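The following pair of complexes shares a single chain, chain A, combined with chain B in the former and chain C in the latter.
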Partner chain A sequence: MLMREFAGDDVLLDVRDLETHFYGEESVTRALGGISFQVKKGETVGVVGESGCGKSVTALSILRLLPKLSAKTVGGEVRFHGRDILELSDREMRKIRGDQIAMIFQEPMTSLNPVYTVGHQIAEAVQIHTKASRPVAMAKAEEMLRLVRIADPERRVSNYPHEMSGGMRQRVMIAMALACSPELLIADEPTTALDVTIQAQILRLIVDLKDRMGAAVMFITHDLGVVAETCQRVIVMYAGRIVEQANVVDLFARPAHPYTQGLMRSVPDPRRGRQRRLPEIPGIVPNLREPIVGCSFAPRCPFAIDICREKRPPLRDVGSSHAAACWRAEEVMGA
Partner chain B sequence: MTGPLLKVENLTKHYPLGAGFLKKTIPTIRAVEDVSFTVEAGETLCIVGESGCGKSTVARLLMRLVDPTGGRVLIDGTDIAGLRKQELRAHRRRMQMVFQDPYSSLNPRLTAGQIITEPVENFERLTRKQRNALAADLLQKVGMAPEMMHRLPSELSGGQRQRLGIARALSLNPSLIIADEAVSALDVSVQAQILNLLLDLQQQMGLAFVFISHDLGVVEHIAHRVAVMYLGRIVELAPSEALFAKPVHPYTEALLAAAPVPDPTRVRLEAPVEGEVPSPINPPTGCAFHPRCPLAVERCRIEVPPLVPMADGRVVACHVRAPATESPGPRLRQPNRRHTVPEANA
Partner chain C sequence: MAIYILRRMVSTIAVMVMVGMFVFLLLRLAPGDPAAIIAGKSATAEMIAGIREQLGLNDPLPVQFVHWAFGILRGDLGISIFSGRPVLELISQRLEPTLSLSILTMILSVLVGVSFGILAAWRSGGFVDRLLTAFSAFGYSVPVFVIGYFLIYFFAIRMHWLPVQGYAPIGEGLGPWFVHLVLPTVALSLGFIAFIARVTRASMLEVLSEDYMRTAAAKGASSYAMLFHHALKNAGVPILTVIGLSFAWLIGGVVLTETVFNIPGIGRLVVDAINNRDYPIIQSVLILTSGLYVLINLTVDLAYTLIDPRIRY
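Our next item is the complex of A and B:
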């Protein structure tokens, strides 16, 4: 088994065996099949994987923002500062959410309220979590807009979201998320809807502000390029489980899980030649409504042997701070 | 046959914004402004740029899904702008389109087989047997089992739907496929499958592609030549290898520098380009990139730079990097990077 690091002072978030199910009319989807990981203070952790791998469900489960009627966290713990936040009352959870743990989502237009000015919305976030008066909170809103480098913050505080571009709205979301100096920022595909030059600006901004404020960041993305440029450690998910975690340099240099390896090879890279066929991962992702025996990647895996189809591989150490859930990880790393 | 398969000359599209009943002047969106390029048989031309640069409008103009405000689109030397409906239909067979969203571009009530044979049935009557044979053949071309012809789009994965979109485009045996962000909505592993399919089809059938994308990694992988658009105009058009090795236009340079690279050991030196893309309703005077450009000089504010041919076969529209005549004069602001540029072909 993976050696659990001593849950000392530097561990901010400690997720243990988190299990979340979605309920359909006749079926149960095991969206998260028991995942465990930690985020240390001030650390940037990337969570990568393709559609349906459970990366966004992980964020929603931690924040307890799952749709109430159709989904439920059925097992595990989410320890924040050593306290299991799954046990908290809704009221206690609301105090933590937005204050100590903040979030940014992909689509800033749907996360901002169209009928209030952006200044009002940032100030509201400040007032919910501090005892600040209205004028103090509005001054804070303006300061935050300046911090996220919006030109003309004095004027922009009284803008409505529709008066801003997509990049600017995402800056407002970041301003709002950071207004209460959170210890953990969960960013779910924060730049996916943005143009590449704006993406570069926003990524730079998140990294700068995180360094300045000392917050830890959980960066959820499908983009390996974004992970390589912003994260210190990476968690790779497949079919509702963590298949590999490592520091970012090791992961890209020596991926230990065949899925990670396949994912990296399927990204076009001119160093391997243009206009050539890209290595494909054959097949499709498994249906999480059906029980899976053995490794969930085995049907698509070029390394699969009998044991892979019979017994699910545990996440185990394959190097210093490098773990993979694969029976043949050592051979994969050599390939 | 001589000459290029597709020749686009001075293509322009302005959209009027609302009716000008009481207002004296109607504001227009200058979506595409004086765009010219060619595509040879079997070639892949990629058009890159950010939202609002006009790349999707170019695709629509090529298909004549919208009528141009000015300019010409020639296929095998015939101007499609001048064609009447019947002739246009015949010419559309030569050119087919694959769309970004495989969810909304397929009729949810038709089976896969009906979807991919429909274009042919617009031209000729098929017996049931012929239709099934055609559907099976097309499905096989895009790597799907013939039995899939009875499925509905809702029963297929995103990758399979995009394969259907490609099969439908292939059904009329076109020479040119226009793909507008055809792999952008797909996961990377599925994206690799679809890119491989497109490369295979190009090799087997000698297809030409106009491939519109914002993903520079994908573009670098498949393009023979690349056109970079900014606010309705082409600012640089170059052989792919030359463009990626040494971008000349400051916007191309900014775009390449901004793309995230999946290599954690790479150290990013440059600060990202500042500001945002201006509105095409009221574009900046002169060169549209000048408000964001680190190299801008006085002249960039006044004159639209022409596309100037360079020694290595590219064209660039920049007063500083590719001056058409004499020296461009002093800079408007301090540059923050060093630059190296191939010589202009004076």
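Our next item is the complex of A and C:
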């Protein structure tokens, strides 16, 4: 899967060596240290990792929505349908946003504009990308609300966001993102801010609609349970780099990176009943303002040996469609 | 909503009664006998007594107040001491120049101030933003009469582009009317532009960092749509508030500007009235401007509901 020859017709998004920096007063944070991955048409890919590992930065870099003054994508390519969208003009990029690549954000409570009705906001997406008149776009908005299973869409279409619950607002966000039938939907922790009972509904909704519309989905989450339920393939990120990628069955059966193993152990398993104490990964995430020598996970890694602290491990194949950035991946898988 | 408006109307009446009492007492509490002030320095004791009787000054204060207040409600603002003509007539003669200056100033200040603030926020830290910082320091600190005389000197005396002073009634043609108002309007507007632009910038900056702005960008909205459609309406409440405040402060600025540019408006009328101790004029203008304040406040409060659906009364 690392090999570029596989970049065939069915590849929708091909990210190569993407590197994004954040600029502070006196320091540079290497938020993305050169990541490469692909998303195929209609595929669901999970991107997991703990807070600050670069999941959201990846999404924002792809859509070029990073804060202009403080962040910059300094290297790499984002090939969408074979075309590097980092090279596009702002105008061309706007045509892609919301039309071919759409995004759902984490915070449904603050991600909708409070002074416009939800119908208006969905219709706006339609009107930006099609020549639809306002009444046609509003009819489409109502149809989208029905699609995301909001009861009474005729009435809800003229509601303001503050008249809706968090779950409903996230449904509106989904309706807005899918209004132009995007080929790629990036969902950045779409359920994190919601009640547990609502989370499952929203997940199911995204998966259903994705199947119906044939869109590819990039699921950004820190929740391995979400990945197991929804994704075909998983990318595990740590400290701004991809440390492992595999199809979901392989990843859960034979994690090849010690970090992935650590993540899995720290998920409570109800089948095992009450555990004494949930295992945690010792140590802290490295400071991305300093250059990192060797493997960024080495200081926290139970498998670390001398080479890990001296030389950064490349992402390499450890099985068919299974890659890991670890010098001792084979031993880790056997452990 | 209707109940809210009704309640505000009732409280408006209460406020106006208070203002009325204050203005009424102003004359009664001023040092000396109002009748003696009205009669002038050379008046005899009989003349003063006559005036006292004529004005009802021998009645108890509450009775006098009620008489005076009902007079105002009937449109009887009293008689000018200095000119002997009805105050209502004097004010209505002076209304047109003042309204012209005020309205032009507000239009210019809001248009320029809001656009300036939006541009500064859009490219914060950029050229326009730094220009605004410098300009607002200037606009706040240089008084109208300094700017006014500078403008007169440069544009009227040196360049001969515009008239030095004076006013041309709108009835004599839009051209002369406008040409006479350019310099006073600009002089009076600078401070308001600075004020409105600063608040617009701050309010827009806050809104631009909101999550829903990123949502709008993710939809593919243009910079124009982001700024004017998504951000401006959200930034609207504070902007509307300062525009309301500016209206209230306008009256003080108008007095100065009319003096500098020799415009025969309400401001000049008041200044002359103060010099002549022409109390009926002072009282009437006070009452009218207070009424205007209260009305603008009510309008602004109701306008909030138009821009933010979360505000309900």
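The rule we apply is simple: the second predicted complex is superposed on the first by the 327 of 335 C-alpha atoms of A that agree within 3 Å, B and C clash if a C-alpha of one lies under 4 Å from a C-alpha of the other, contacts with A are read in each partner's own complex, and residues count from 1 in each chain.
Note that a contact is a pair of C-beta atoms (placed from the backbone, for glycine too) under 8 Å apart; a residue touches a chain by one contact, two chains touch by 3 or more.
In this text the structure is predicted, and so the values were computed from the model without any measurement.
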Simultaneous placement of chain C and chain B on chain A, clash or fit: fit
Touching partner for A:Lys131 - first (chain B), second (chain C), both, neither: neither
After the two structures are overlaid on chain A, angle v-u-w for chain B, chain A, chain C in degrees (C-alpha centres, nearest 10): 80
Partner chain(s) touched by A:Met173 [first = chain B, second = chain C, both, neither]: second
Partner chain in contact with A:Val115 - chain B first, chain C second, else both or neither: second
Touching partner for A:Arg204 - first (chain B), second (chain C), both, neither: first
Chain B versus chain C as contact partner of A:Gly225, first or second or both or neither: first
Partner chain(s) touched by A:Arg277 [first = chain B, second = chain C, both, neither]: first
Chain B or chain C, by number of chain A residues touched: B
Chain C versus chain B - closest C-alpha approach in the superposed model, Å: 12
Intersection of chain A interface sets (partners chain B, chain C): none
Contact set on chain A toward chain C in their complex: 63, 65, 69, 94-99, 102-103, 105, 107, 110-116, 124-125, 128-129, 160, 162, 173, 176-177
Residues of chain A touching chain B in the complex: 50-51, 165, 167-168, 195-201, 203-204, 222-229, 248-249, 251-252, 262-264, 266-270, 274-281, 284
Residue numbers on chain B that touch chain A, as the complex places them: 50-51, 157-159, 187-193, 195-196, 199-200, 214, 216-218, 220-222, 240-241, 244, 254-255, 257-266, 268, 271-274, 276-277
Touching residues (chain side chain C, partner chain A) in the complex: 125, 210-212, 214-222, 225, 230, 233-234, 236, 307-310
